[in-house]
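Scrolling down, you'll hit the structures one after another.
Shared between the two complexes below is chain A, which pairs with chain B and chain C, respectively.
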Partner chain A sequence: MSHKDSLFYEVYEVFSKKTDTSSLQHQFSLLAPNQELAFVMAKENFFRREQVADIWVVKRDHIKRMSQEEKEAMKHLEKNYRETKGYGYLKKKWRQYEQEQLTEKDIMGGGEG
Partner chain B sequence: MVISLNERMDHFMNRINSGEKIEADDWMPDDYREALIRLISMHGISEIMGALPEKEWVPKAPSIYRKLAIMAKVQDEMGHGQLLLRVAEDLMEPLGRNRDDIMKDLFSGKLKFHNVFHMKAPTWGDAGVIAWLVDGAAIISQTMMLGTSYGPYGRALKRICAEEVFHAQHGESIIMALAEGTKEQRTLLQDSINRWWSSLLMFFGPRTNAETGHSNQDQNMRYKLRTKTNEQLRQEFLTKYVPRVWALGLTIPDSTLKFDEETSEWQYQQPDWEEFKSIVTGHGPKSKERLALRMRSYEMNSWVREALGTSEVSNVAR
Partner chain C sequence: MDESIEYRECLIELIYQLADDDFLLAYRGSEWLGLAPHIEEDVAFASISQDLMGHAALYYGLLEELGEGKIDHLTHNRSPEYFRNAILVELPNGTGTYLENPSYDWAFTVVRNYFYTLAKKVRLDSIKKSSYEPLQHIVQKISIEMSYHMMHWEVWFKQLISSTAEAKSRMEEAMSIVFEELGGVFSYGRIGDRMARLSLIESEEVLKERWMVYLNKEKIQYSMKMKQGDGRNGIHTPHLAEALATLSEVYQSVPTAEW
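Up next is the complex of A and B:
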């Protein structure tokens, strides 16, 4: 491989939104010599058919990704105290007082739903 | 903390067996990496070489609708090639190899591509048979690998399979038009099926090592890169398509072909596995011509890579 080739081949990651209200989603990666061509290729490679509201291309080197060790360290964290499932026992408790526990929807109530 | 190779290997196999997906930067044993590079670069290059027999039919398609559809399919195949080569490149990076090496391996004959793409496509019937049955065969082997242990390959296949459905229906549509057409059209279609039958059986690879002296099936199953054997896939293909070919009043050029109720398996005439070996090592009817075409376009486009690549060098130098 020559030095010239290595400059042409830079990895870009492609993200997109299907509609204005949907979240940004990772699509795939591609090789391109610069941001402009990365964008052109992203359209050609991934959006020949699909509806798309927005496309982002980011040079992979500019992204901090997690290593295998970092991912595995995250996995074992117990966070029940932060989640509703850590408070499931309340349902039974309220029954003892002849009351139903307020559901997530009841607590959030008052909105449009 | 020092972790021994055995511990790493045990951890890796535990991840695979519990259904976790391996990512490009994760630790993986060398033979897993090599198996993936072999499988995915072959798959990626086959998509690109597979566009060539069909591209021959773009200028000759019988209507504007067919021309648009086959052009879209050719474009999809090149897109699939791009996706898969990206997956292979990320695996090759730690070995200091890149896309240029993949192309050079293709040109030198080190990297092989699917047997079907070494064959001639002389009539519009072939365009139909390729899209219906060759893509049909490819869908069977690709959907089997959707659950592969290697995450990036699984994600690429998910995108690819979604588009393959259009390809198969484009093929069905061509087949249906010819099958319901004139006597000449039916003969044209029957000739194409006759021409492609043994290639279609070969597509899935030999049943065991015995036929060709070599197979990576066992290793790929152990690493959960695949979940079914070549023969299981071939049987699925026969179950799916033989009744449909027959229903259209067409025949298959194998008088021994029948479904054995007792074994629940199709019996068929084995294709010539010596011929298969000869085809995939670059001695098929169109091998040299199509490789020359790919090589020529790679050389003709090299100025683009150089122009865009070196501009950055000159910017830095300034």
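Up next is the complex of A and C:
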């Protein structure tokens, strides 16, 4: 692609929803000179066969992405002390208690009646 | 003439017109494969052409049910004078051929497809009120895909016509060529009056009028003509015979082959 072309066409990111209630997913990117063309191209390039409930096209330049520096800045120390993994044993313990209360009598019935 | 025989004749004639129009325009569209202005459009246009071929197949299927013969025969083994498509859809995309120096005209393609799709919409909307139910069903199905085709060609049309001075003049030139044959798209041929009388479709004049109302939003003033032939009555340009020869080349090489 020549330099002139690369100014004319811009990258658009395409997002879509499968149904009205499903979450928006990033699908692909494509080249188009403007939003209207990006939209019609998105429809026929990526949704020829499957049903789609909604299509969004966004010019890539309009998306704030992270720079390498920002990516570095987002790194942090281990934070497991903030996670609730420590309580993971609770489920197992509950199961154990529940199991103990079920005697053979409870399962088979009979005896008292 | 017996009324039911007359009805049948008009119905079959109308379906041939709808089928052959989509069939030929699908073929002209397929000739753009790999040549469209950019890769995304290449994929989109090819897909639309496949849709059109699918629409033609639905109509030919109905003709087969009505006893007109096998689909393959109808598409690959019928002489040009039996084709009922309008001249507009058989005209080549530009100079050269797909294999040799294709110098195709994108402005002409956009205008032809936009104006044709608009005419198709007007025709199909009218047939939805038609007296023949199996045709109504097919037309309803086709209309769903057609609405995307409309959107696609409308975007191209509006953007090119309001673009640079060069684009505008190329589009205007293309429009004058398309208008010269657009009358043929609305024509129903010899028995057109009877088609309207039997409520298969409304009259040519009503449909033309509706089409102009749509387009007048664009403030375009031209008049529709039918210059190079009369496709609905089987009078075609040599371009049709060439297109059909290419289309049926493989089929004709071994006509008895099972596909």
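Here is the rule we go by: the second predicted complex is superposed on the first by the 65 of 113 C-alpha atoms of A that agree within 3 Å, B and C clash if a C-alpha of one lies under 4 Å from a C-alpha of the other, contacts with A are read in each partner's own complex, and residues count from 1 in each chain.
Simple rule for what comes next: contacts are C-beta pairs under 8 Å (C-beta built on N, C-alpha and C of every residue); 3 or more make two chains touch, one makes a residue touch a chain.
A quick note: this is a predicted structure, and the numbers were derived from the prediction, not measured.
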- request: Look at A:R48 in the shared chain and tell me whether it touches chain B only, chain C only, both, or neither; answer first, second, both or neither.
  value: both
- prompt: Which chain, chain B or chain C, is in touch with more residues of chain A?
  reply: B
Message: With both complexes overlaid on chain A, does A:L37 touch chain B (first), chain C (second), both or neither?
response: both
Query: Between chain B (first) and chain C (second), which, if any, makes contact with A:W94: first, second, both or neither?
result: neither
- request: Applying the touch criterion given at the start, work out whether A:F28 contacts chain B, chain C, both or neither, answering first, second, both or neither.
  value: first
- prompt: Given the touch rule stated above, what does A:S67 touch, chain B (first), chain C (second), both, or neither?
  reply: first
Statement: chain A residues where the chain B and chain C footprints coincide 9, 30-31, 34, 37, 41, 44-45, 48
Task: Give every residue of chain C touching chain A within the complex, in rising order.
output: 38-41, 43-44, 47-48, 148, 151-152, 155-156, 159
Field: List of chain A residues in touch with chain B within their complex
entry: 1, 3-9, 11, 28-31, 33-34, 37, 41, 44-46, 48-49, 65, 67-68
Message: So in the complex, the part of chain A that touches chain C is made up of which residues?
response: 9, 30-32, 34, 36-37, 39-41, 43-45, 48
- prompt: If you look only at chain B, which of its residues touch chain A in the complex?
  reply: 23, 25-27, 72, 75-76, 79, 82-83, 86, 89-90, 96-101, 155-156, 159, 163, 305-306, 308-313
